[in-house]
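What follows is a pair of complexes built around chain A, which joins chain B in one and chain C in the other.
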Partner chain A sequence: MSSPSDREGARNVGGLRTEDIEQAEQMLAERAQETAALGERAAPGVRGRRALVTAAWTAPGAVWLLFFLLAPVLMIVLVSFWTRTVSGFESVWTLENYEFLFQSNVYWNQLWDSFWHSLVIVAAALVLGFPVAYFLAISVTSLRMQIALFIVALAPFWTSYLIRAVAWIPMMGRQGALNTALEDLGLISEPLDILLFSDFAVTVAMLQLYILFMVAPLFFMLAQIDRSSLEAARDLGANSFKTFREVILPQAMPGVVIGSIFVFILTMGEFATVRIIGGGQVASVGTIVQTQVASVQFPQAAASAVFLVVAMFLGVLVLLRFSNLREEL
Partner chain B sequence: MRRGRWTKRILAVYFLLFLLFLYGPMIVMAALSFQGPRGAVTFPMRGLSLHWWDQLVSGPRADSIRETAIRSLELSAVAGVVVAILALTLSMGYRRRFRADGLLFYLVMLALMTPGILLSLGTAFFWRFMDERTGLWETALGTNVVWGLPFGFLIMVAVWNRYDDTVEEASRDLGAGSLRTFREVTLPLVWTGLLGAFLFGFTLAWNEYDRTALLAAGENTLPLEIFALTVGSVIRPDLYALGTATTAVSLLAVGLFLVVAAIVLRRRARLLRSRQDFAEAATEIPQPEPAGVRASPAR
Partner chain C sequence: MAREQTLTHDEGAATAAPSKPPASSGLVLRGLTKRFGEDVLAVDDVDLHIEHGEYVVLLGPSGCGKTTTLRMIGGHEDPTSGEILLDGESLLGLPPDKRPTTTVFQHFALFPHRTVRENVEFGPKMHGVAKDARREKAQEALDMVGLREMADRKPSALSGGQQQRVALARVLVMEPKALLLDEPLGDLDRLLRLRMRVELRALQRQLGLMFIHVTHDQEESLSVGDRIVVMHEGRIEQVADPYTISTKPENVQVASFMGDNNVFHGTITSLEGSRLLLETEHVAISAPAPQDGLEVGASTAVSVRAAAVHVDADAAAPGGRNQLSCSIDVVEYLGDLVKLHVSAGGKRLLAKVAGERYLEFRGREGSTVRLSWKEEDVQPLRP
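And then the complex of A and B:
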């Protein structure tokens, strides 16, 4: 139990009396209030000017994106509800385009094929790309080597996907390099027909074109793993599988999701590769849109495009369920 | 760690196979471009010649190939410059939070995610709706920049994240105006990032087919020409020569950028080292004041 005089003594610090301290505290509080009021009065001006500066910096890019991205995308949605004319479309509302597509079995089959095809490519890219990213990010220990190999693996990104699709032509076909090689090795006796103008050929070519979009995000996520945590897991008695499942995979998950979204979207909307490798035998939503445009069926092409976007959106939603990107990045 | 070493070896072999998968077809294509005059588009090689490369410059299609190549080069260069400028200005805005920053960020990401064929189609509709004619410079430039912008923007955001804001304050304290600070302090520090943004804008436009396809209105770019040669007619080895040449241009651009980046990084590292040496040398100078007393208050 302490007496009042004791308490007074406790606050009597450094020869200052309690009243002095209280007075100073009050003065400080008043000052703080004044400063705050001053700040509030000045704030709108400063904030306004800052906002203006920010607006000036962002305006050119924003306007460009509004003009060449948002307006075109909205335009597609609009046109899909408009009426077809001989030379294009007119702004008379209709649901005919969607009715036509809903009743067209061919279209549904191709949309479904495209969707399924993309998922297969995503899975293949993940399975085949993961070891590559793992090797680059974890097995290679020298930073210089890591950068060099990463550049070598990623350089094809900067080359034309059209050319890389064309480059598959001499590889495939009945007399292609792959068939010849397989025959020379004695693995097959007759040339395989699936190696050109087929779903299989398109899948292989697209995998080569887009696997980089899987490897890169995986690499960036895996490279952030602290190698000592792998050692720690091993020291604590985890085997390779357990280390992989409980240490590496959770870290890599955002990369898996981002890479999958990339590959899925790019292959869903793909058109040129399908045309070159598929040789008109394989159709995708992209080739359908192109065909409809060529026959001046603009509103129908727009409706197909809207379906494509909806399908993509659904696919992305499914992929996002595997990882909460917002929290993990 | 024996097992670790074996894992590493197996992965290394796998990595080599992966590179073979990536580069194999292109190498085969390049090899086949040197077919003899009577050679076909697949193996075997029938002699070795420059016949098909010669076809590129003096064959019947030479004129249109040259024309489209020059047009593509111009378009890609301009697209690269616009991407660099827009990426710079946009990312400058993102150095401070602002009200619509989330929304605008989603718009930039939408640019990354929208399929090229949709962009092409939508822009064609939009222009038709406004009763304007589509054209390479009016519209295709726009859609190609939309493709390169997210990449350039992300590069610049990464640059600003590692950027020291205080140098600009210092410059302003020393009496430089905003413009002068920007030109003499900011730009020299971030120009490698800008070059990277340009590289993305250039190579992506140089190789783009989908985003130009419905907009070029007769003025073909090189990828459009290549597509027409592939799909519209019988393929001959000169297509491989053309493909090899355009790939070489892309890789040359990337290589040039890497060389420049390496030189800049090395110079910066050397500068840093000499600054450290200087600082070390400075601390070794005996201090005139007696120990325990400092001329300026410690921070």
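And then the complex of A and C:
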């Protein structure tokens, strides 16, 4: 089939470039357009009513966002430029709060630390979560089994997140279940302190608490991959690794990005887990803000929070570069 | 069962025989069997020989084992037992990418995140072909299917027919020895399907390549195949050219699956030389006797093609063999032909007559007509 004359012939005789097919498809496309046009040409009154219906549908969501997201954020930004008083703040413009923050090494180190921790947790969630999602979405072939296992994977969400965090203490404390077990097995002679009230403990706990936010979007992306396209890849000469790199991973990228954004944002702003598992030994930007709020330094807390939001926003921007969600989702 | 098996295999060998090729050439399936678990026998002892340049269709209802057979040839399923030889060399144990076969999958299975060109380049890329060389190969393959202008689009921006052609280009670029097509036209609209099958046929003729095409569509199989392999419950029922499959079905399964055949079950009342007389519940039938030994008193079946049935509008008292009077249930006008769905004493029959006779039968549901056929158009069947 590779001699030039053959190919030339194929173009003329066997060549699938029949105008007939094009024509037929053209016809179908035109008909579809006509149908669509019929809708467009609807009377102006009808179109106006449609716009009204659309607005009505979006209104509750818009109001919700306005009150619970936009307004509070705006308030925080405003307060961060106001002056602190003994009992709170007054609306006198000042840059003092930011000046203080810029001079505070503690804050910048903490912001950097939290950022770094979040990155580690995102990476760990990706590495540990991908095989789980892959198994659920691709290795398990029966849909019923897939759904059952996915619900089991969601089981941690059946209890409150605070309870799960608190449960770390009896599990991981000096006299906790894990230390006792390790001692009984003779693997350690002294209880391990690193399991609780440490950076390490906080990182592991957050990973455990948030990994599902990585697994879920990955699962949904992977479940959309046409299995026969994996067979086709195999058929065309890709081994398992190449199939993964060339076919599976590119199609899972939107899931990777969305999962990373979830985990990054949730861990970056964390303070409750840090408080409970860190036991006052560990800080984060979140705990700094919380402490400032507790000591009635609202403008200062607001300024700290603004920087946290900016840092998160930058992180999300960077993550979004890894996938064109608009096109690929 | 065992006898049937041998007979069908003999037939297969006989049809492949015309210019007896060396046994080592082409694709040979020998005793190919696939079990899923203990209970499911998907493919049961299949023997088949396909020559290079031949267009073979595996035809049968869903679950008949045709796709499993194709997947075993392509290496996507391991046979439980049996042998697959291509030009004398066993393909067993080779992964799909090491086999000189490529598969066009049912729903095209294109890579949605890659452009048309990247889809076509995928195979050569995986085989380590340098960038320029594989670009050139992809360009040739795209020219072959007339999609040069679409090279930089994503598959989702193409119509169904164009996606089908990308799938073809993607496997043709691999220069396989055999092209395996799993329901290749199943996802297309009817109009497109009718045209694409002609294009497939023309492409195969031009390339002179072995095509193995799986379908459940009788008309499609007749349209494209040099030979048709009719499968049922994991076994081959008949292997023959389209004309033979259509006019001389060997057994009840083939006759009823091909459709438009009237099957009669009855008892043999006499065997006079080359003629067989059969008494059925509704009509006495005479037929050319098959070679192998049938006995008087044995029950057997015959089939008469709907197109071989003559219909007389005046129902003058029938009495002889091979004719009976029926009442018309439905008159179905299909342009070039008219399908008359008739019944006689609860037995439903089908007759096809020329389209011009529509006016003769229009609106005559419920009236009586006389059906008759020639003795030589009666095809004896194995049960």
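As a working rule, the second predicted complex is superposed on the first by the 262 of 329 C-alpha atoms of A that agree within 3 Å, B and C clash if a C-alpha of one lies under 4 Å from a C-alpha of the other, contacts with A are read in each partner's own complex, and residues count from 1 in each chain.
We take it that contacts are C-beta pairs under 8 Å (C-beta built on N, C-alpha and C of every residue); 3 or more make two chains touch, one makes a residue touch a chain.
What you see is a predicted model; the values in this text were computed from it and never measured.
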*Decide which partner touches more residues of chain A, taking chain B and chain C as the two options.*
B
*Which of chain B and chain C A:145 touches, first, second, both or neither*: neither
*Of the partners chain B and chain C, which touch A:238 in the superposed model: first, second, both, neither?*
second
*asked:* Tell me the contact category for A:302 with respect to chain B and chain C: first, second, both or neither.
replied: first
*Could you list which residues of chain A make contact with chain B in one structure and with chain C in the other?*
none
_Complex contact set, residues of chain A against chain B_ = 50-51, 54-55, 57-62, 64-76, 78-79, 88-89, 128, 131-132, 134-136, 139, 149, 151-153, 155-156, 158-164, 166-171, 173, 175-177, 180, 208, 211, 240, 261, 265-266, 268-272, 275-276, 286, 289-290, 293, 298, 301-302, 305, 308-309, 312
_Complex contacts: residues of chain A adjacent to chain C_ = 1-2, 6-7, 9-11, 13-18, 20-21, 24-25, 28-29, 226, 228-229, 231-239, 242, 246-247, 250-251, 328
*Hey, which residues of chain B end up touching chain A in the complex?*
3, 7-8, 11-12, 14-15, 18-19, 21-26, 28-29, 32, 41-43, 82, 85-87, 89-90, 92-94, 96, 98-99, 104, 107-108, 110-111, 113-119, 121-123, 125-126, 128-129, 139, 142-143, 145-146, 149, 153, 199, 203, 206-207, 209-210, 213-214, 223, 226-227, 230-231, 235, 239-240, 243, 246-247, 250-251, 253-254, 258
*Inside the complex, what are the residues of chain C that reach chain A?*
74-76, 95-97, 102-103, 105-107, 109-114, 122-123, 126-127, 140, 143-146, 159, 161-162, 165, 168, 170-172, 174-175, 189, 191-192, 195-196, 199, 202-209
